[in-house]
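Two complexes, one shared chain (chain A), two partners (chain B, chain C).
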Partner chain A sequence: MSLIQQALPAFLIGARNTLIYCFVSFPLALLLGLLLALMRSSRVAWFSSPAKIFIEVMRGTPIITQIFLIYYGIGAVLAVYNLSTIDNAWTAGIAVLALNYAAYEAEVYRAGFLSVEHGQTEAALSLGMTSGQNFFRIVLPQAIPLMIPPFVNDFIYMLKDSAIVYVISGTELTSVLQQWVFTHSSTPIPLYALAIVLYLLMSLPTSYVARWYERRLRAAL
Partner chain B sequence: MQQTMTGVEPRTRSWLPVINALYYVVLAVAVLGFGYYLYRNLDLITLYLPFLLQAAGTTIGITVVSMVLAMIFGFIGALGRLSRFAPSRAIATVYVEVVRGTPILVQLLLWYFGIGQLLSKLGFDPYNLAFNFMTIFQSNSLVPIIFSAFFYGIIGLSFNYGAYLTEVFRAGIESVNKGQTEAALSLGMNSRQTMRHIVLPQAIRITIPPFTNYFITLVQDSALLSVLGVTELEQTIGSFAYPLLNPNQKLFVFILGAMIYFAICYPISLLARLLEGRFARAYQITGDKADMLTTDMLTSDMLGKQVVSFSEDEGNNK
Partner chain C sequence: MVPEIDRRTFLKRMGQAGGLIVAGGTLESFLAACGGNVSTGGGTTPTPGVTPIGNAGLKTPGILQWGSDFVSGAPYVFKDPKNPANLIGFEVEIMQAVANSMGVTQRQVETCYGQLDQALAANNFDFVFNGWEITDERKKTQLFSDPYYRYAQQIVVRSDDSRFTQYDTNSNLSLSILYGMTVGTGDGYKAATILQGFPQITTKLYTGNLPFDDVKQKKLDATFLDTPLAAYYVLGAGPGGVPDTALKPIGKPIYPDVYIAGFNKSNSNAQILLNELNQAIARLKKDGTLKKIYITWKMWNDQQAQIGIT
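And now, the complex of A and B:
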């Protein structure tokens, strides 16, 4: 169909932008998530309490509320100080995706750390290792293989959640889709079908890799 | 001796309780400061809060209706996934994979701007139907003009969550030991009786905990209906915030809205954790892993096994 052929280049650029959003935000989310998890597991209330509050708030509010708050709310305040150049769809989108997913990754990290038997930590500490040595040499290497499936799943969720930047006029696949739908409102369904196919091409292979890895992991355990 | 009775732990620093106490003092001051911030914007609160609370009621109503419809879709989907009839298995699998592989925002836009426009061209208009229906009760002015957006938005949400609930129901049904089904059948029950008296009561124990998580994510995803123009909480927040010129007031309205969402979702998440603590025995895992399962979903092959891993079957919001 010629409509799909016309739309395909723009849609592919949109898909590329989706992948850019995700490949930039996800590592940020992983790093921030590790930091949050370490803070949350600390016995010092100065670290654990703000981390808990951050995680609860990020998980308790919708991502669309967060992106409106950051793009329009904080953007309006930034405009007063002539800093509005740092407030565009890219930075706001990446910031919201990274912060929101950091909260979820922190829970995955914490679960991974708890899944390593406490007996390992007890043995390490009774052998004279410090907590830090215990963490990096004993707990973390055993936790990482268990945490990879949820991380890959969260990456797939982020691929889908990146569509949220449509509401702040981003240049992601959904924004391109709606642009084309509004200019070709007589036949929108082929455009939706094309966008759905592109999203499936991005998410299905990743989910099959995740399931394959998880099957191998469970067999090894 | 006392020392061998306690667990091995790092040396506790003696100044830790003092530091923690100091933190809680600072936290109390910060909370008071936030209360003062609310007090400074009291005029905005008294102006907007009633409308925001009304819209929050709409949001909860949308969530409840969508959840009920999603359970229906999910049940049909699970029966399809588990059916012996290959075409219905194929249709159900395509439904689950496609719906879970695409963003919910795209699906909502498809339902309203794609399928809705198509159906209205073919003569099916939800607003007119609702209007004519409510005329019988002489209350057709109760039907909002954007009723079509409500209609397709709720269908879109239910369709999406139905795919996730399909996997939850399938996992629950498959988690019941096959031996139970075999025993029931060998005792002379037919498969409908087996399902009703043996399988489903045990499956429900597995499926209840994820529901509270789905409810929370559904509340958050209902905010996406604002894109269709539905007057629920997020749309109301936006409509109040955009005309404000003072950036501090604008930011405050967004923060107020986020607080209302948090006030809805946080108690439910506490309830979810409570329920999971009670149902944790069904998973035969420790309490900590039950906490893990709040963030992730379970596949059918994972349930009933000692090793818990989290694969796709969505959960939170995430």
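And now, the complex of A and C:
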């Protein structure tokens, strides 16, 4: 179909942008999520309360309102200091995806830590390890294989959620699709099919890679 | 471990669950039926002594349903800032006048602007009436009414932008002054198609929000869109409009075109309703209603004579 051939270069650029959004935001979300999970599990109220509030707010509000707030709301504040150009579709999109998903990852981390038997921690402490050594050498390595399926799930969600940048005039696969559907309104179906195929091509390998990695991790333990 | 329950309890639980599902389903369809679009249909007040135009081609008899987008839709169709339950706009007034001349009520069917083509193809409403233009792509699947407004595209920039201080609204400018810059417009606008034909300009497309804020925040160098939008948002024309001194239009309007209503070619009623709408538009042009509406919204200019509004 010549329409698909015409559209393919633009759609591939859109898919590339989707991958850039996800590959930059997801590691940030994982790091931030780990930090939030540690803060949340802390006994010090100064750490656990802000973490709890952040997690509940980010999980409880729609991502579209969050992105409007960061792009237009914070952009208006930054405009006063002539800094609003740093708040563009890329930075705002990555920031929102990272912050929003960090809240979900924090809960996945917490579930992972709680699922490691407490006996492991007791044994580690009784052998004279510090809490830090216990966490990084005993608990975390055992928790990670358990957390990989939810992380992969969330990454696949993020591949689709990255479409949210459309509302702040970002370019990624869904916005390219919308533009092409508008300018080729008489034959939109091949374009929708092309976009679906591209999204599948991005998410299916993710599942396979994650399953392979999980098998290797379990074997190593 | 599945707990042991006897047959009687099992049947009772299944009945309760089924009842909940049925109740949930009827509640949802009940709410959906109650919800729907903001209706602006006033009562019909046909002018005495004037024969009503026919309304045989309507999808739902007695209601003229027109597709448009009220989100950031000023001055075409938008929620009254003083009374958000009402829709106002020059297109609302035109549709009300057309409905009166047909002896029916009108109802706006809210659709995201970028989805209007698909919604028209799905027969969600009778026709699109939202600053619609004729394009080669749309000619394949749509029929077009007579024009009801002659408009053009306007470049808008920041008032304090040093690159444009020498220009004003009387300068003869073309898009070449924007080469190498980032220009924003709405997704699906004719301006977007025009801009995308210039690879020397980086185009950013906005949906749901107009690019004016981003121009003011320096995320864009300029915006390029329909003159009614520039008149309302920048010059504050029309009811509810507030002038924005941070922005200024430059250059005379370029790429003149007309607004028409779009009909679904594959709809058997389309040609019938198209003829009726054309009759209504011709009547509104002749009896001065359109001119009065455009003067109210400060959209009147001598260009309108070219489409028969004098």
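Throughout what follows, the second predicted complex is superposed on the first by the 207 of 221 C-alpha atoms of A that agree within 3 Å, B and C clash if a C-alpha of one lies under 4 Å from a C-alpha of the other, contacts with A are read in each partner's own complex, and residues count from 1 in each chain.
By our rule, a contact is a pair of C-beta atoms (placed from the backbone, for glycine too) under 8 Å apart; a residue touches a chain by one contact, two chains touch by 3 or more.
Predicted model only: the values in this text are computed from it and were never measured.
Asks: Using the superposition on chain A, decide if chain B and chain C clash or fit.
Replies: By the criteria stated at the top, chain C and chain B clash after superposition.
Asks: Using the touch criterion from the header, give the chain among chain B and chain C with more contacted residues in chain A.
Replies: Looking at chain A, the partner in contact with more of its residues is B.
Asks: Check whether A:183 is in contact with chain B, with chain C, with both or with neither, and answer first, second, both or neither.
Replies: A:183 contacts chain C only, not chain B.
Asks: With the two complexes superposed on chain A, say which partner A:167 touches: chain B (first), chain C (second), both, or neither.
Replies: Touch partners of A:167: chain B and chain C.
Asks: So, does A:79 touch the first partner chain B, the second partner chain C, both, or neither?
Replies: both
Asks: Which parts of chain A are in contact with chain B and also with chain C?
Replies: In chain A, residues 72, 76, 79, 166-167, 178, 181, 185, 188 are touched by chain B and also by chain C.
Asks: Taking the complex as given, what residues does chain A use to touch chain C?
Replies: 72, 75-76, 78-79, 82, 84-85, 87-89, 166-167, 169, 175, 178-179, 181-186, 188
Asks: Using the touch rule from the top, collect the residues of chain B that touch chain A in their complex.
Replies: Chain B reaches chain A through residues 7-10, 16, 19-20, 23-24, 27, 97-98, 101-106, 109-110, 113-115, 117-118, 216, 219-221, 223-224, 226-227, 234, 237-238, 241-242, 247-248, 250-251, 253-255, 257-258, 261-262, 265-266, 269, 288-289, 291-292, 294-296, 302, 305, 307, 309-312, 314, 316-318.
Asks: For chain C, which residues are in contact with chain A within the complex?
Replies: Contact set of chain C toward chain A: 114, 117-118, 121, 137-138, 140-141, 184, 187-188, 192-193, 204-209, 211, 213-214, 216-219.
Asks: Report the residues of chain A in contact with chain B in the complex, numbered from low to high.
Replies: The contact residues of chain A facing chain B are 43-46, 49, 56-57, 59-66, 68-69, 72-74, 76-77, 79-80, 104, 107-108, 111, 114-115, 122, 125-126, 130-131, 146, 149-150, 153-154, 156-157, 159-164, 166-167, 174, 177-178, 181, 185, 188-189, 192, 195-196, 199-200, 203-204, 207, 210-211, 214, 217-218, 221.
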